[in-house]
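For reference, chains read A, B, C and D in written order, and residue numbers begin at 1 within each chain.
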Amino acid sequence: MSNEAVSVRNGTTRLESVVRLIAQTCVDNEKYFSDLDAVAGDGDFGYSLARGFENVLSEWDAYDRSDLGTFLQKVATSMSGRIGGTSGPIWGTAFLRAALVLKGKQTLASTDAVEMLRAAIAGIKKRGGADVGDKTLLDALVPLCESVAVDVERDLDAKVIVANAARVARDAAEDTARLEARRGRASYTGERSIGSPDPGAIAVAVLAERIAGEW
Amino acid sequence: MKKLINDPQNVVTESVRGFGLAHPDLVRVNEDPLFVSRAGGAVQGKVGLVSGGGSGHEPLHAGYVGVGMLDAAVPGAMFTSPTPEPIFEATKAADGGAGVLHIVKNYTGDVLNFETAAELAEAEDVTVRSVVVNDDVAVEDSLYTAGRRGVAGTVLVEKIAGAAAERGDDLDAVVAVAEQVIGNVRSMGVALTACTVPHAGKPSFDLADDEIEIGIGIHGEPGRHKIAMAGADEITDRLLEPVLEDLKLADGEQVLLFVNGMGGTPLSELYLVYNHARDVLDSRGVEVTRSLVGNYITSLEMQGASITVLRLDSTLTELWDAPVNTAALRRGV
Amino acid sequence: MKKLINDPQNVVTESVRGFGLAHPDLVRVNEDPLFVSRAGGAVQGKVGLVSGGGSGHEPLHAGYVGVGMLDAAVPGAMFTSPTPEPIFEATKAADGGAGVLHIVKNYTGDVLNFETAAELAEAEDVTVRSVVVNDDVAVEDSLYTAGRRGVAGTVLVEKIAGAAAERGDDLDAVVAVAEQVIGNVRSMGVALTACTVPHAGKPSFDLADDEIEIGIGIHGEPGRHKIAMAGADEITDRLLEPVLEDLKLADGEQVLLFVNGMGGTPLSELYLVYNHARDVLDSRGVEVTRSLVGNYITSLEMQGASITVLRLDSTLTELWDAPVNTAALRRGV
Amino acid sequence: MSNEAVSVRNGTTRLESVVRLIAQTCVDNEKYFSDLDAVAGDGDFGYSLARGFENVLSEWDAYDRSDLGTFLQKVATSMSGRIGGTSGPIWGTAFLRAALVLKGKQTLASTDAVEMLRAAIAGIKKRGGADVGDKTLLDALVPLCESVAVDVERDLDAKVIVANAARVARDAAEDTARLEARRGRASYTGERSIGSPDPGAIAVAVLAERIAGEW
């Protein structure tokens, strides 16, 4: 298991470039994500994410970067302050919990990444009351996290780890099509939610794939 | 998409600004963060009532700000619950020292954002209590799901709890009245056409010319199932049946019958639906003593309607009849 | 055609019946011939106000029957003026011995049928006077044509003349007030979509996805011309311009600004239009002291809006503010 | 010029069958007439006529037939009592004025027919304030009346008279397409009323053709 610390500069750069990629990808996919939400939900998922991450990009240069945790917390705040609906609290919690893991840190270890994902998942579960199988973003994020954890344990190369994570997330996200939504707005349509994947899960897959692609 | 709008991103702000200009005697609009509060400000010693949620349901909620109803309303983006900040600011603006009641429609986003706002307000020593409206019988009520949605019953909760606050009830008592309404109100809706969210630019679902959606919500989400287009009496029966079943009204009980339009259905059709619903209730020995017919909680330009029944007792009837002076509901003032 | 109706032939009767059931405190419905009158009957010594016309414009006219506005309303078939008989019966029901005012929208059919009804009433010693509302500047006012149509201004005439009658003005004085409103109110409308008359079963005109009709009436008839779909501000300018030009308002004059929905346009869009109209008037030094925004005179489910400006003086303002208690307009009671 | 009186029975029969044919034709053409009105008007013309003449047919057997004028007056009343809009007063006046010509008469002469048409036209003009050229039913009815008057003067056979009248009415009705409406609801569309014929004029042509066809 690699605990080899990345240098502050490198760590910041890597964390920053991943966060920026997430933000840009959410902005770019506004219409796609909203269309996914329109199938069984109310069609605002992409709109919400785009407005939130647009704000991240516009405040980007001014973020306090005194440590990694502070930086990520600023991201969480400026994002969730603009995202309404379910995604605001859910994604806000996820980023905030991840930020707490990095509190005071100047370097980012692979194990930190696993811890960040676990913290984010715990936060999402607590905040929204959903669990795996309820047809939410958790259905992609939890398998993704497991994949990263196992691969970090196996001390694989980071590029391989993210590639594996992306593949797992994509499969899991597509698999949500089989599920009946039990949480969120899609749950109101009951059985009619079956057959189309969860927008939140697909978003996780898209983000993982972009990250893997740019690694 | 054909709408009387400019930039889709600005629909809510331009519209709320116009609302404020049109009703200076009733409301003040705070532009950043965006919320609407009573023209006179918080009433000292009175419980403050705050509601809010996604826009697109006008006149809900801003149309119900005024004496006898809400103290503040928080409009989110179209069909998207507002973030905690404006809810928090509206809560402070509504606080007259006797605490604030949040009236929240049961959607995950609304519940979560109001929760956070309440925490922020409590941190500034404003006592906040919340009630969650969940009157839509189209959705199963279960612990393992998000539960029933809040729809048209919300208007009745706001009116009746607002009257309780106005007459000087304390926070516990206002909560109790709101809970009584929530426990005794049930709704179900139908859509004949979908609506189009401005920034989406296309209808939120597809419906063939001979299909309608039964068990629709108010956010352009599809309903429980499609059925073939039918006559108004038959559709009314299909909406009313589950409502009555859930309420289990006894012979001779009194109710308020509320036929609500989704925004694009002519008033004449709503009265036609009311006409048949009334016949059904009369024939079942349920006494309709109060009525409301019109576009009170909408889904943009969606064509369709919902039927809401509220079990009344003398307390709720009296509070329903109490004076109210808002842009969208006015009586006795 | 998707409508919440049963047999297209029965839409008006079923709907008006429902209206009567929903508002027993305000109105009585006479089923044969069909008219709606105040629950309390004619007010002795008060000038009676009767209006009517084709159905499909709800809440007009039945929604305005009550204290401070109309004494009776006569709904014809959809978009078709009623025959003389129900108008005649409604006139008798509205007569409290001080004479009756007919408020007629300027359409040949309405004018002719109200004329005959007035003759019948006069023959039974009921004094009847008529005013003809013709506020639509989309139509040229000429002796050689049918003249301008009566549209949204009708609501303001009914409200203000109703207040004059309620405070005890005699027939001449009520006529004078009504004529003052008619002389100082102008309107213009736009349609984004056509409406469908139930017994016709298809839209009353064709509009491409990128076209709108400017200078539309309230009966599903085409407007003066089609233009390309545009932003709300631009459309608002095009409606407001001819209205202001016709009214020739001087700097500092006070007006009532009325943005009316055609039935299928969300309230949020009406307030957005109001917002811009207000900016235009403010910038021209016209003072908007009273406002009305909503679906007050409609064309079934048509999407669109009209803008009405009424020049106010202290008399009209006072009468506008006077209490009114009807199903669709309520204030100060 | 033929003043040769038709027997009461024959006269009644002819008048009755023409009136009945008018009523039935208006009922049959409800949709067609409404569609014509929808082009530049409000689409209720056929609906109004159909409801009015439906009532004539349903009260048919009960009409007072003590003289021709009385019969026609009853028709006018039961028709116009059900027709709202412009057509109620206009068609009601037309039938009522025609009925007055027959007041007290037991027989119907060809010259009576001309007088009836003239009286109807005068009534319509007075009631609605329109004249030839305003794009109303007058633009078919006036030429029709002139044709009948000339042919009666020439003592032509009744069958020829009605055939000529139908042809003239049809041509005149189609010709209204060139006119801009100055009266009625179609006038609100201004120049856009040009290009389509007036529904009232077309109705006159259709009725004249049906009468000629059944003569």
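In this section, a contact is a pair of C-beta atoms (placed from the backbone, for glycine too) under 8 Å apart; a residue touches a chain by one contact, two chains touch by 3 or more.
Because the structure is a prediction, the values reported are computed rather than measured.
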| request: Determine the set of chains touching chain A that also touch chain B. | output: none
| task | Could you please state the distance in Å, as a whole number, between where the Cα atoms of chain A are centred and where those of chain D are centred? | result | 77
| query | Roughly how far is chain B from chain D, going centre to centre by Cα mean, in whole Å? | reply | 55
| request: Compute the distance, rounded to whole Å, between the mean C-alpha positions of chain B and chain C. | output: 29
| Does the chain-touch network form a line, ring, star, complete graph or other? | line
| Every chain pair meeting the contact rule | A-B, B-C, C-D
| remark: The chain A residues in contact with chain B across the complex are 34, 38, 40-44, 47-48, 51, 80-90, 127-128, 182-190, 192
| query | What residues of chain C sit close enough to touch chain D in their complex? | reply | 54, 76-83, 85, 107-109, 112-113, 115-116, 138-140, 144-146, 149, 197, 199-200, 204-205, 217, 219-225
| Residues of chain B touching chain C in their complex? | 2-6, 11-12, 14-19, 21-23, 55-56, 58-59, 63, 192-193, 209, 212, 229, 231-233, 235, 263-276, 278, 291, 293, 295, 298, 300-301, 303-305, 330-333
